[in-house]
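One chain, chain A, links the two complexes that follow: it is found with chain B in the first and with chain C in the second.
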Partner chain A sequence: MKRLRKKTATGTLFQLPSYLILSLIVFLPSFWAIFMSMTNYAIAGANYNNLQFTFLSNYFRLFTDPEFGNSLLITLEFAIITTAVEVSLSLILAIVIRGLNRILQYLYYVVILAGTILPLSVSIYMFINVFHFKYGILAQTSFIPAVDWFSSYAFLTVILCEIWVNIGWIFFLYVTSIDGVPLQYFELAELDSLDLIQKIKNVYFPQIKGVIIVTLLFGLINGLQSFMIIMSLTNGGPRNLTEVISLFAYKQAFKLFDFGYGTTANMILFLLIVVLLVPLNRSINPFGRKGGEPRGEYQETV
Partner chain B sequence: MANTRKLCKTAIKYSFLLTFIIVFSIPLPWLVITAFNSLGQTFYGSFAFTLDNFSAVFQEYRLMNSLLNSLIISTMAAALTTCISLMSAYSIARLNPPKKNSYLRLLAFCLFLPFSTVMIPIYAIASFLRLTNTYSGPAIIICAFELPFFIWLSKAVIERLPNELEDMCQLDGISSLQTLVRIVVPNIRGAITAIFLLSFASAWNELTIPFLLTTSPDKYPASLFILYFIRENGLSRQATYSPGLFAAFSLIYVLPSILIYIVTKVFLRKDPYKSSVILG
Partner chain C sequence: MNKIRKYLIVSFAIVITLAAFFAYLFFYNANSSVTIKILMYDQTSGGEINAAYNNMIDSMPGFKEKMAVSGVNVSFAFDLIPPDDDAARTKKALDFSNNQAADILIMNPPELAEFVEAGYVYDLTEKLRDWPDWANYTDSAKATVLYKNRYYGLPIGMYASAISYRKDLFEEAGLPSEWQPKNVSEIISAAMILKQRFPDMEMPVGCVHEIFSSTIETVLPLIWGYGGEIYNQTSNKWIAKSPQILEAAEWLDEVYNIKSISLSSVPRNPNPWSTCVRMFAENDCAMFMCTTSLESWAWGPEGEFPLQDLRNQLGYAAFPGSGLPGTPAFSGMSDAYILVINNHCKNPTIAWDFLKLLNSGEKVAKISESGSVLSPRSDSIYYTNYSSNPFPKELRWFLNYTRIYPINEEYPIVDELLQHLIEDILDNLGPQKALDNFYSGMRNRLGDSKIEIWQ
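Up next is the complex of A and B:
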């Protein structure tokens, strides 16, 4: 008995560094965010050293702020469009590429996974090189009309960059989960001479439904909190056309020094993400399929 | 009739694949071509092979300094992450600490906590602790956000180790720390290498955290240097920073993360405890 108690004490001792660092960098800021959103905390400007508890007035101010309403809409639009394109495109690619030969497959893997493996800063650098209005690759070609992409088509450009960066890991998830589908399903489908659309409907979809849900939720979470790409490509411009919530909060905090108000905007973003985390938590299991029992609707259609 | 339909479908399939690869690979060759081109940034037509851009990178103080900063920060972050996650994972897997399940649940919370929503309080705390414009600041914060994932990972690795060796250690009265260092660590060397390399790569690639914490140019890591270079200079053909020079710098900066990716994917396949490590 004595030894057991000693053992658990050592266990806590071993966990101590992680507790320390996580509470300092993760828990404390998360709880402090709630407190900060109810104050007029500022590190410079008029409210510096004039900390007042303002309770919910930041939230009321936020809901009557048309700029915030605008950025909320843009955030949702951005997240939904990028997720829809990423998930459908990578699903189609993962299915189509299976039929190609080995060398072509590797070529596609390299191109698709590039955005995920390369550092974000280099991806952004390359994207600016593609779309720059004067020196960009598109500007130098003759068959695409020269436009200033970052001001005329800012939203489209930002979405393209986000998709290019994020599609890799979603594609990778689909490839691994399709590899996990038992071969007899495909053999049966071959025997029934199903075409691609029937195969998608009856074989792929029931088998990897769980992964599709997970990637949808992950993609939405990723799109909602996207910050660096938009910040460095358009910085919210032109006017407020690409100003997502995280960028709105960043500008409030670090340009106008209103930390309290910026944190309030981020709290709304956090609540949006928590709403998505609940179903994600429930459906995270399908990564590993249970047992050897075949399942799915294909069973019934055969 | 059926033949035409089939032909049509094949045509659609291959035109889709072709369009996709053309659109998606536009950004990639530019970097390589510009880096090896002595004529600057003309993408079409004129190309003359040279290595001058690379030798120019090594003579430029600010570029090398930022690479060094990146190296320092990511080594610190990776070392911290590896040590701390190993200790916590060993504790969870073997030592049966109190409140184990709530600890794991907390880790899951940290894993999904979006960084951009806690950016502002983290900056406030970091500036209170005098962590801005240092090497240790970004290293500690990167480590904190990497920890949950790597604790889960090393927990899975340690749980797969057979228990008998550690039982022997207990019989001999060796302390838990000694058991971890002398028995567990040598047995999962490959997995530890992978954990160190993966955390090094993600710290090396990290952009948002240094962006938040670092304002003085001589502390910029390479990722931040690239970003600020874009913002200051656009793509203008300045005498000091030609696009060729900068493309070469980006290639040098990209090299470690690609190498680490290949190493973890290919060489560590042989390690018996690999499968839980090489998921991502």
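Up next is the complex of A and C:
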């Protein structure tokens, strides 16, 4: 018993530095952010010298702020649409491209991965050069009518850019996970003369369910946190139509210097991610199977 | 025991030696070595910023020598950042709040209020009073560094809102190449003539995305031109609704919706400034609302989109008033980049000495000449190099009719709401609806106690 206790103490001692580091880089800033959201902390202006603990007043202010309500809706719409399109489109692309010959496959890989592997700033710059109303590639082509992408279709434009930037890594996850599916499942599907929809339902989906869930989770997190693309393309405009919560928080904290209020908006974003993702993760339980178990059975259609 | 004593003696000796060494370093640095850190926009800025930067570089050796005579070793360190006003403002606030800010910083006047209120900026009022050169600064220049009756910096170059137009295209359309509209309606009629001659051209007025710029260019000059105000200096309240704001909105509505002389895409695309200057250089635009500071970095020989024959192609017109009785003949806004000293600067006197050197009459004239920017000093005309660039000399009279926007902590909020007003017009919501939205925005953001209505 004494020996066991000594062993535990030694183990705890070895773990202590990591706990300390974790506390410093994760817990301390988190608690600091919670504290800041309950203050009127500002990095400039008269409030800089007038720090006050305001408890929940920032939260009450936030829920009566129509601009924040608008941001909340836009964030949810943006995250759901981008995730749905990214996940479904990359799955379809992975399945379709898998059936092509090697050269065509590599060609498509380059096209699909371009948005993901390039630095984000370059991707955004390229996107602007394609969609610019006057000097963009689309505007220069005579067969596509000139469209005012960044104002009349601002929401659609930022969604397209987000999808283009993110689809590459989701696509590659599907390609590699489909490559891991045992060949006999596809042979059985051929014997059963399954069409593409049936193949997706009975072969692909059961075999790569875990990967789909992971991409759904990460896609949603990505969509909810999206900032850089929207800021660069529309800066939240026109008339706040693309102002997601992260942009709202940024504007409050770094443009209007109301750090306390901006942090409160970020806390709500954090809670939103937790509220949306934890039940989703638990209900589907992608890692619930025990090690060594097969990833799913081939399901007979008839 | 002896061993312990030995250890103690050796340890004590080491501690004393180290303490003496650090004390020497501390006092040596404190007494004779000073580093002045300067926050400046980088070389991509062009125009007066590059001229001001080169002026600093040129002035440093002489200043170092001068200070060395009095036993102080001065060195300089630059913190160069891209000329993005919005991002730079955030960086400055973060640097200040973390006590990491440079000793001398470049700023825009609207930033002054929020940084002064936080206690970040050194009050130069007394020093300026004792500096004879201060008398040579024009009133409009002094206004850019004035906040609550105290002075906080030195302007390095002025610019005024103006209409840039292409002289050659104007001639082609049958308009005079030396054009100066007498009222805002004449801007629209000239644009209509140009549209008839060049149907694919746009005449954009007002940019939306960039903070401060949209209000500088159009909205505030329009409101003033109609005889209105945005801030009541007597009651210290913002004017959230007035017939003049409505008239300004109606004028914008005429431009974008009724006469359709410009697409709403121009101010709304991700980089409106670059798009406008490019369109101007590539014959896609014959006139647009901007400021006098563009010429050098945009269309000059080293500009982003150089004009082949700058002198015969580029014209500037002062922004006119409304033409209504009792209103001003011209209604422009002036602005400047200013240099301020950090309130927590360890050596404000040395920083001030350097600022004085940077802003001597000759050096300011040189910045004005090489950066094509209006001089903040009235004595610049006496320096020969100033005369070599005709732009600053010819456009100097614009400053007689310009005003500085209210330097106030709440200005960024009002600016954002004015941008929303433009966006409402671009969305064809109508001037009255745009004004109603502006009013409700002002009420929500600033509260009833800080706004008033003019009938």
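Keep in mind that, in the parts below, the second predicted complex is superposed on the first by the 250 of 302 C-alpha atoms of A that agree within 3 Å, B and C clash if a C-alpha of one lies under 4 Å from a C-alpha of the other, contacts with A are read in each partner's own complex, and residues count from 1 in each chain.
The rule is simple: a contact is a pair of C-beta atoms (placed from the backbone, for glycine too) under 8 Å apart; a residue touches a chain by one contact, two chains touch by 3 or more.
This is a predicted model, so every value here is computed, not measured.
Looking at the shared chain after the overlay, A:S151 reaches chain C, while chain B stays out of its contact range.
When the shared chain is aligned, no partner comes close enough to touch A:F171: not chain B, not chain C. Between chain B and chain C, the partner in contact with more residues of chain A is B. Contacts of A:I112 after superposition on the shared chain: chain B is touched, whereas chain C is not.
By the touch criterion defined above, A:L256 lies against chain C but remains apart from chain B after alignment on the C-alpha atoms of chain A. In the superposition on chain A, A:F78 contacts neither chain B nor chain C. Shared-chain residue A:P238: touches chain C; no touch with chain B. Of the two partner chains, neither chain B nor chain C is touched by A:Y185.
Of the two partner chains placed by the overlay, only chain C lies in contact with A:P66; chain B stays clear of it. Of the two partner chains placed by superposition, A:F248 touches none, neither chain B nor chain C. Shared contact residues of chain A with chain B and chain C: 43, 128, 132, 134-135, 232, 254.
Of all residues in chain C, those touching chain A in their complex are 86, 89-90, 93-94, 96-97, 113-115, 117-120, 208-209, 211, 263-266, 268-271, 275, 278-279, 284, 409, 412-413, 420, 423-424, 426-427, 444. Put simply, chain B touches chain A in their complex at residues 9, 13, 16-17, 20-21, 24-28, 30-31, 41-44, 80, 83-85, 87-88, 90-92, 95-98, 103, 106, 108, 110, 112-125, 127, 140-141, 143-145, 147-148, 151, 175-177, 204-205, 207-208, 211, 222-224, 226-227, 230-231, 234-237, 243, 246, 250, 253-254, 257-258, 261, 280.
Those residues of chain A that touch chain B in the shared complex are 7-8, 10-12, 14-15, 17-18, 21-22, 24-30, 32-33, 36, 41, 43, 89, 92-93, 96-97, 100, 107-108, 111-112, 114, 117-130, 132, 134-137, 140-141, 164, 169, 195-196, 221, 224-228, 232, 246, 249-250, 253-254, 259, 262-263, 266-267, 269-270, 273, 277, 280-281. The touching residues of chain A, counted against chain C in their complex, run 42-46, 48-49, 66, 128, 132-135, 148, 150-151, 232-235, 237-240, 254-257.
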